[in-house]
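Take a look at the structures listed below.
What follows is a pair of complexes built around chain A, which joins chain B in one and chain C in the other.
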Partner chain A sequence: MKKTAYINGIGAVTAQGVWSERLLADATELQQSIAPVQHPSYKEMISPAMVRRMSNGIKMGIYASQQALDEAEIAMPDAIVAGTGLGCLEDSEKFLRNVLDNDEQFLTPTAFIQSTHNTVASQIALRLQCKAYNFTYVHRSVSFESALLDALLQLQSGKATHILAGASDEISDHTYSLLQQIGYIKQDGIQESVKNSTSVGVNYSEGAVFFGLSTNKMAHTYAEIVDVRIQNDVNQVQLKDFVALFLQENNVAIEEVDALILGINGDIESDQYYTHLLADFDAVPTVYYKHLIGQFDSSSAFGLAVASQLLKHQELPKQLFWQEQERKNFRYVLLYNQFKGKDHSLVLLRAC
Partner chain B sequence: MAELKEELKGKIIEVLNLEDVAVEDIQDDDALFGDGLGLDSIDALELIVLMDKEYGIKLSDPKQGKSIFQSVQTMADYIAANRTK
Partner chain C sequence: MPSGVAITGMGIISSIGQSVEENWHSLVREKHGISRVENFTTTHVDDIMVGEIKLTNEELIYRLGLPETNTFTRTALLGLCAAKEAVDQAGILDMQTYRTGLISSTSVGGMDFTERYFYDYLTEPALQRYITSHDAGDSTHKIADYLGLQGFVTTISTACSSAANAIMMGARLIQSGRLDRVIVGGADALSKFTINGFKTLMILSDGLCQPFDQHRKGLNLGEAAAYLVLESAEVVQKENKKVLAYLAGYGNANDAFHQTASSEDGEGAFLAMQKALKVAGLQATDIDYVNVHGTATPNNDLSEGRALIRIFGNQMPPFSSTKAFTGHTLAAAAAIEAVYSILALQRETAFANLNFETPMEEFVLIPETETKLTPIRKVLSNSFGFGGNCSTLIFSES
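Right after this comes the complex of A and B.
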């Protein structure tokens, strides 16, 4: 019999600060095209000998994962599953720059060791001395959902009881300047709110979001993960069927979806997918979040944190609503995310 | 020699990213590994590359490292005697 997967702990390091009960209420819309995270002090959590070698992505990942484990009261997870779109970019750039600048000579080990995509998950494991399953998914904008799907299948099948799942992506100067040149990131000086955007490109950021997942329900459990679906290619005409089939397979009628959480990011071309979908959900409260934490490949992980908060507290601060509708009881929440018409993901949560 | 030692301390801090350490905090005879600065084997590799890149010294015998990397003083002595740039 399929076991149930619960979200028991959340941790995050974002452009709005670290995860807390007040994070969403105190958040304000990002105003710059590239917004770094507000770093916490890492010294209390990571030894000075380790922290000096770590890039921001690793530090954020370790901080967020420990927050999630603490809240979920998991001392040692049965698996660590992470997602990242671009991996440890800082060290990748540093290493490659050394290769070029020094004519392939004098290559130092630290940047190379930590430039691999699985560095965050492995550093978390090293710190915890966790020798269990350790996997990192690198699938652009469905990197996090791939990790979540893996975790869900392991929990439902009984292969694991407690899993740490999450994602991390970091800013690096060179890569982000290239993303800005090709129009993925809004040009400097363009100040548009996500809601009133008239241009392509988005405000980018970085961050790490982790979840303590378990088959055991706790008094403070946020929500139950019902299902996760990933599809690389879906056009706007197919989108409605993509969503309808997912709900149907989970025996949930469209009318039963109490809130929709969308990855709207202010790119007018990309956001057409969401507008298209909203036509079927015009009476449903709709939430967005990337105006607060920015776009990065794994930013949809924060959407899951927002959805969890909504189901636990049955309310969200006003600035998260794209479309407010009267709703007293939130039971099913559907998350939908895509990036530039690719890497579509659906996550269905149920209140506990 | 004093100038070389100061330069070396600055480079060690920079290359090893010793965030809370200043040049003044490192004494010439402080142990680099173990109880002193607490460096480890990855740092040793970084120091070997530093010697090669900055001073043109290639350490071919790993056994030499133990005595050369005892302190800033021993490093500076070795560099002064063997540097090619």
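Right after this comes the complex of A and C.
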């Protein structure tokens, strides 16, 4: 029989600081094109000598994962599944600059060692001495959802009881300036929020979000993960059927969806996808979150944290709502994200 | 006994051949593909030997019939060559007939172009079209879009074990009923970035690599791509598909020892093999041939050897590392060796471990030194990577 996958713990390091029950209420809207995270103090978790060597992505990943494990009361997960769109950019750039600037001479290995995409997941494993299943997905805006689907398969099939799943992406100067040059990131000096955006590009950021997932329900469980769907290509006309089929396969009627959590990011063109979807859900409360934590490949992981909070507390601070509607009871929540019309993901959650 | 997931197609491009048949011919004739770097300049050209595919990007573009102005990196070009062959062999004409997925893997992604244009991007608008080709997902997207695959598409990067994990995840998606068929594998192009990275770790050999030899001096890097097509039992039956082999088992574990080095007793490798045997419902004695990871670094071969002894005891089946043919092709390696494992099953052949001369003093493990005809029903293939990622696949005959 299929087992149930519960979200029992959340951890995050974001542009608004680290995950807490107050994070969403205290958050302020981002208005700058590139916003770094607000780092916590890492020294309680990682030795100072190691902190100095570690890139932001690794530190954030370790912090967020420990927070998630603590809340879910998981000492040793049966699997660590991570996602990252651009991987360990800081160390990749650092090593590449050294190669190019010094004509392939006088190089040291540290940056190279930490440049591989699986560094965050493996550093978490190393720290926990966790010899279990360890995967890293690296597929742009479905990097996190790929990890979540992997975890769901293992939990539902009973192959694992406790899983640490999450994602992390970090800013690095050169890559972000290139993304700015080609219009992915808004130009310096432009101060627009997601809602009042009139220019091309998006406010970018970085962050790490992890979840402690288990097949056992706890007193403080956030929500149940019903299903995850990933699709490479969907056009705006097909979108309606894509969502309808997903809900139908999970025996959930469109009317049963109590809230939509969307990856709206202020890119006028690709936000059209969300506008299209909203036409079918015009009476449903709609939530967005990238105005608070920015866009990065795995930022949709934060959407899952927001959805979890909504289902647990049955409410969210006002500033999270894109479209507010009367609703007494939130049972099913549907998350939808895409980036520039590619890598679409749907995640369906149910209240416990 | 579970028969596993059916494999109905495979494709490959490596330094020993641009198709499955060409690779087979090189393998049985013991003809390696290790040479000096020719496709790009590196100051290390005379210090290292590599498994380079002797086709320029322009030749690959021509071969694939792509427009001259495109944004394919070398990783994407190699990946597409191999994926096309796999899809053709599986006889797939329409990607939308069944729920079809693609799970690719890479470690360098578009680094070959990033390292070429890193600074020029800022000043030369004509080059900027390549900027978004840097990430690991790019080559997967290119392959999916070329094949017209709209469904489930993702990418895995767990260093040198990546493609094994792509194959494993594909099998699990079929077994869970989420997909009917899936193209799985990996692609990695040679780059200055990886050459220099491995150089700083001092694990590159200045000559031909010698897996499992007492005097091994390190690895040869290589570039390659390979993909398998996995299909559900229902599709195989409905379409009356020819099954090349089955993926009978898989295992994934983490060594949790060091970011780049393997533990002395090969704990991660041992756990991966143990899990794969369990999933396949097999005993170690059922394995007829082992395609070892065998990178020819002092650390890997010692650690893997100890893990092999922990699994097989004193009944080690015939084994070899084929990395002396192709070089270590990083994220693609497990897919390359999956194709070789399937060839070993189909044609009852254990491949030679080239350049082997002196047994290692730590244990008695003697690889096959020549092509050997022998009955093979089950093959175990290992792939391990930085970050402690250890993966094992078990293939069985159809």
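Everything that follows uses one rule, which is that the second predicted complex is superposed on the first by the 352 of 352 C-alpha atoms of A that agree within 3 Å, B and C clash if a C-alpha of one lies under 4 Å from a C-alpha of the other, contacts with A are read in each partner's own complex, and residues count from 1 in each chain.
By our rule, a residue touches a chain if its C-beta (ideal position, glycine included) is under 8 Å from a C-beta of that chain, and two chains touch if they have at least 3 such contacts.
Note that the structure is predicted; figures quoted are calculated from it, not measured.
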{"item": "Partner chain in contact with A:L107 - chain B first, chain C second, else both or neither", "value": "both"}
{"item": "Which superposed partner A:E326 touches (first chain B, second chain C, both, neither)", "value": "neither"}
{"item": "A:V99 touches, of chain B and chain C: first, second, both or neither?", "value": "second"}
{"item": "Partner chain(s) touched by A:E44 [first = chain B, second = chain C, both, neither]", "value": "neither"}
{"item": "First (chain B), second (chain C), both or neither touched by A:R53", "value": "first"}
{"item": "Which superposed partner A:D282 touches (first chain B, second chain C, both, neither)", "value": "neither"}
{"item": "Intersection of the chain A residues that touch chain B with those that touch chain C", "value": "105, 107-109, 113"}
{"item": "Residues of chain C defined as touching chain A within the complex", "value": "42-44, 102, 107, 109, 111, 114-115, 118-119, 121-122, 128, 131-132, 134-137, 140-141, 144-145, 149-159, 165, 169, 172-173, 176, 178, 192-193, 196-197, 199-201, 252-260, 267-268, 271, 385-389"}
{"item": "Contact footprint of chain A on chain B as seen in their complex", "value": "15-20, 38, 40, 42, 45-46, 49, 52-53"}
{"item": "Chain B contact footprint on chain A (complex, rising order)", "value": "48-49, 51-53, 102, 105-110, 113"}
{"item": "Chain A to chain C touching residues, read off their complex", "value": "80, 85-87, 92, 95-97, 99-100, 103-105, 107-109, 112-119, 121-123, 125-126, 128-140, 142-143, 146, 150, 153, 156-157, 174-175, 177-179, 181-182, 184, 230-234, 297, 342-343"}
